[in-house]
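For clarity, chains are labelled A, B and C in written order, and residue numbers in each chain start from 1.
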Amino acid sequence: MLAIEVENLRKEFRVQQNREGLKGAFRDLFKRRYNHVTAVENINFQIPKGEICGYIGENGAGKSTTIKMLTGILVPTSGKVVVNGYVPFQEREKYVKEIGVVFGQRSQLWWDIAVIESFQLLRKVYRVPEQDFKKRMDELVERLHLQEVLHRPVRKLSLGQRMRCELAASLLHNPSIVFLDEPTIGLDIVVKTEIRQFLKEMNKKYETTILLTTHDLQDIEALCSRVVMLDEGKIIYDGDLEQLKQRWGKGKEIVFHFAEAVNMQTLQQLTQGMEVKWQQDHPYEAKVWVPFEQENVSEVMRSVVSELNINDMKIIETNTDDIVREIYKSGSAETAGENHHA
Amino acid sequence: MYYATIFWDYTKTYMKTRMTYRADFIIEVLTNLAFQLMNLLFIIVVFQHTSFLGGWSREEIIFIYGYFMLPYGVFMTFFNLWDFTERYIVKGEMDRILTRPAYNLVQLMLENMNPSSLFGSLTGMLIMGYAWLQLDVTLQWYDPFVLLLFVAGSVMVYGGIYISITALSFFSDAPTGIHALMWNIQNYGRYPVNIYNKVIRFVLTWILPFAFVGIYPSAFFLDKEVTTLFSFLTPVVGLAFLTMGILIWNFGVRKYRGAGS
Amino acid sequence: MLSAYVDMIRIRFLMMLAYRVNYFSGIIIYTLNIGAYYFLWKAIYGGNDTLAGFTVLQMTTYIAISWMARAFYFNNLDREIANEIKDGSVAVQMIRPYQYLIVKMMQGLGEGLFRLLLFSAPGMIIITFLFPIQLPTDVMTWAIFMVMIFFSFLINSQINIMVGLFAFFVENNEGLMRMKRVAVDLFSGLIIPLSFFPLWAESILRWLPFQAITFLPASVFTGRVTGQQVYDALLTQVVWFIVLILPIVFIWRKSRQRLFVQGG
């Protein structure tokens, strides 16, 4: 079953163009000029029920606009959106009862009252029966560790605490689809990990469909089986994260921690003849870059380990960050791939 | 029924918030009252120089003022959206409102509810009572019921006008300072409309019908026969304007473009 | 530094030009206001030729010029400052290399100049066709009037700044701001000229800064005040301007302390 179905979706905004200077401003007073900006340009995608899908793109790529159309906030210029069997903007009030939305940078809780009171109010707004609410609440409190913050007013919470409460607030009515717009923005790594863990469990247990936008690609790596990548209003990649990595990942990196001080020359000598790149920031530590097609990772490791005393080493897969940056540089996922294979 | 329950819950929330800032609450009630009474001062000063205004006596004008305060207090309780553009459009809070399963305008009203304004209505009752005692008009058995009907009509007039104006925020990308500009116009409906020329009378009756929040409905209780028809138009005009306001609002919501990208 | 401030006037001026809805509805609403008060006062005069020393003609002129002057001196600095305090952005403003309050004044001035040139000037022309009013023929009177409304602007802005800064000390200064709005409209003589108040009230109002905002310049404009009295009126404005600097400096110091203690 499809949770989200988007066909030829398009959103244009009319942006007022200001003429320059005083004279221009006067002319604007009587006759305005407008530019049409296409924020989302005829995109298509489908998300089956129970999937966690990452929606990524640079600022202004059209992520938020899409999310807002999917949640019924914005009316599309043209195209079709069906979520959970509803056309969001047409039957908004009925539809939003079945979805949860978190805007990372905005609060949906009441600033001055205790968190639990906000929850109570939301329970009424979403018409959740008392018993279901209780059960749900117990679960959320336990999973998100909300016990100690429940009776504090929102303005006294830390960002991490607040974010966990926001998540809980958007899930009180057990929505079947959850939209998360930058859910981990500004959080420290511990809270981020906690939230990711929680989302994953929720997805497993309730088959909740999750669509999240993020700038933090670690969110994507930890959560998403699928990525949709957007650039200038168009989808430039839609598919597996693994595949994305394999196709555009260019190699692996190995980090060594040595037991003794080592210099660059020694290292380069060890891997002579191999097409690898060393980088050293510290006498006891060095990184080596191993391109996929050129060399074998185990080969490189063997030659280092056999000669030098090491305390620790790590293999780092190509960072999704780098891949994404690469794709943006070349403008489209297709061409980036071709370049690479060429 | 659903809206009644959430109304009650929002009221409780309001009370809890208010409890955190108790001193402010008292200051707010007092300044609001002082603010209202200043308008009364105008009437008193003016009547030092004349005994009739367009054929109406001082007590009659004061009575109208008292009447005006009733619907105004109710209106101010539920309509506290003066910074709608800044808060909900520019800062994008409207997004949150739109993703909740209740009519967005109701949510906005409940979120910003300000029951302290009801003290104004109370003062209005007292002023009406005072003026009534000074005047030689008889109270009919049906007057309280008619009063309720008219107040409801006047509240709807007010609501309709301000909902329409606030909805402009959806269409204009600039903060509309219209609320402040409009401020004085609402005062003119409290004076006998026959003193104005045709244009202004027309505006106050049909365009920005503030006369239905003052002179027209109150005239009924003062036995001023001339405007009885208009008195009973109050609920009709109220309904019409409220409907129009809501239609414009709903249309505006569809034009909402959200904040940021 | 000075050029930065001048630039702020310019920017605000341009910003005002961008608000089209405000501009056009503003012209209509101001005309309506003048019209309504014109008829209201006509009814108050009834059959009388003069009330409180004002002839009908003077009264009409007084109403028109007071509203037009208001378009110039009026601003929402109180609300702007209060909002910036509430959302915390005032702290950022304070560490910038300029005087926050002067910046605010400049923005208000840009707004005022916009309305004076694009609003009051054309508005006044419309009004002279619609209502019987008498403009002064003497150039000197015009010149002094212009200087006086500049002081009206200064004094009104000073009051706004004081009220706005109160947001540092109370959680919600909405009521205060509303009260100020009515106080300025009523006590400055915009709605009722001071001479209409009972004697005791008038003598109190003469000791308040509000009269300097509307009543004094409008009295000069309508020719109710002439000769030496004109300069007395101007002097009163100057004195109020200087006197009001003191409480502002005081409140500003207190505000800064409060800001740094609370951390914004």
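Some observations on this one:
Going forward, a contact is a pair of C-beta atoms (placed from the backbone, for glycine too) under 8 Å apart; a residue touches a chain by one contact, two chains touch by 3 or more.
This structure is a prediction, so every number in the text was calculated from the model and none was measured.
Here the chain at the heart of the shown protein, by mean C-alpha position, is B. Two chain pairs, A-B and A-C, are compared here, and A-B has more C-beta pairs in contact (counted per touch definition above). Centre-to-centre separation between subunit B and subunit C, using Cα means, comes to 26 Å.
For the pair subunit A and subunit B, the distance between C-alpha centroids works out to 46 Å. Inter-chain spacing, taken between the CA centroids of subunit A and subunit C, is 51 Å. In subunit C, the residues that touch at least two other chains are 18, 20. Taken in their complex, subunit C has these residues touching subunit A: 10, 13-14, 17-18, 20, 23. Those residues of subunit C whose C-beta lies close enough to touch subunit B in the complex are 18-22, 25-26, 29-30, 32-33, 35-36, 39-40, 42-46, 48, 51-52, 76, 83, 170-172, 174-176, 178-179, 181-183, 185-186, 191-192, 196-198, 201.
Taken in their complex, subunit A has these residues touching subunit C: 18, 22, 25-26, 28-29, 32. Chain contact summary for the complex, subunit B toward subunit C: residues 21, 23-24, 27-32, 34-35, 38-39, 41-42, 45-46, 48-50, 52-54, 83, 86, 168, 172, 174-178, 180-185, 188, 191-192, 195-197, 199-200, 203. Per the touch definition, subunit B reaches subunit A in the complex via residues 2, 5-6, 9-10, 13, 16-17, 20, 91-96, 98-103, 107, 173, 254-258, 260-261.
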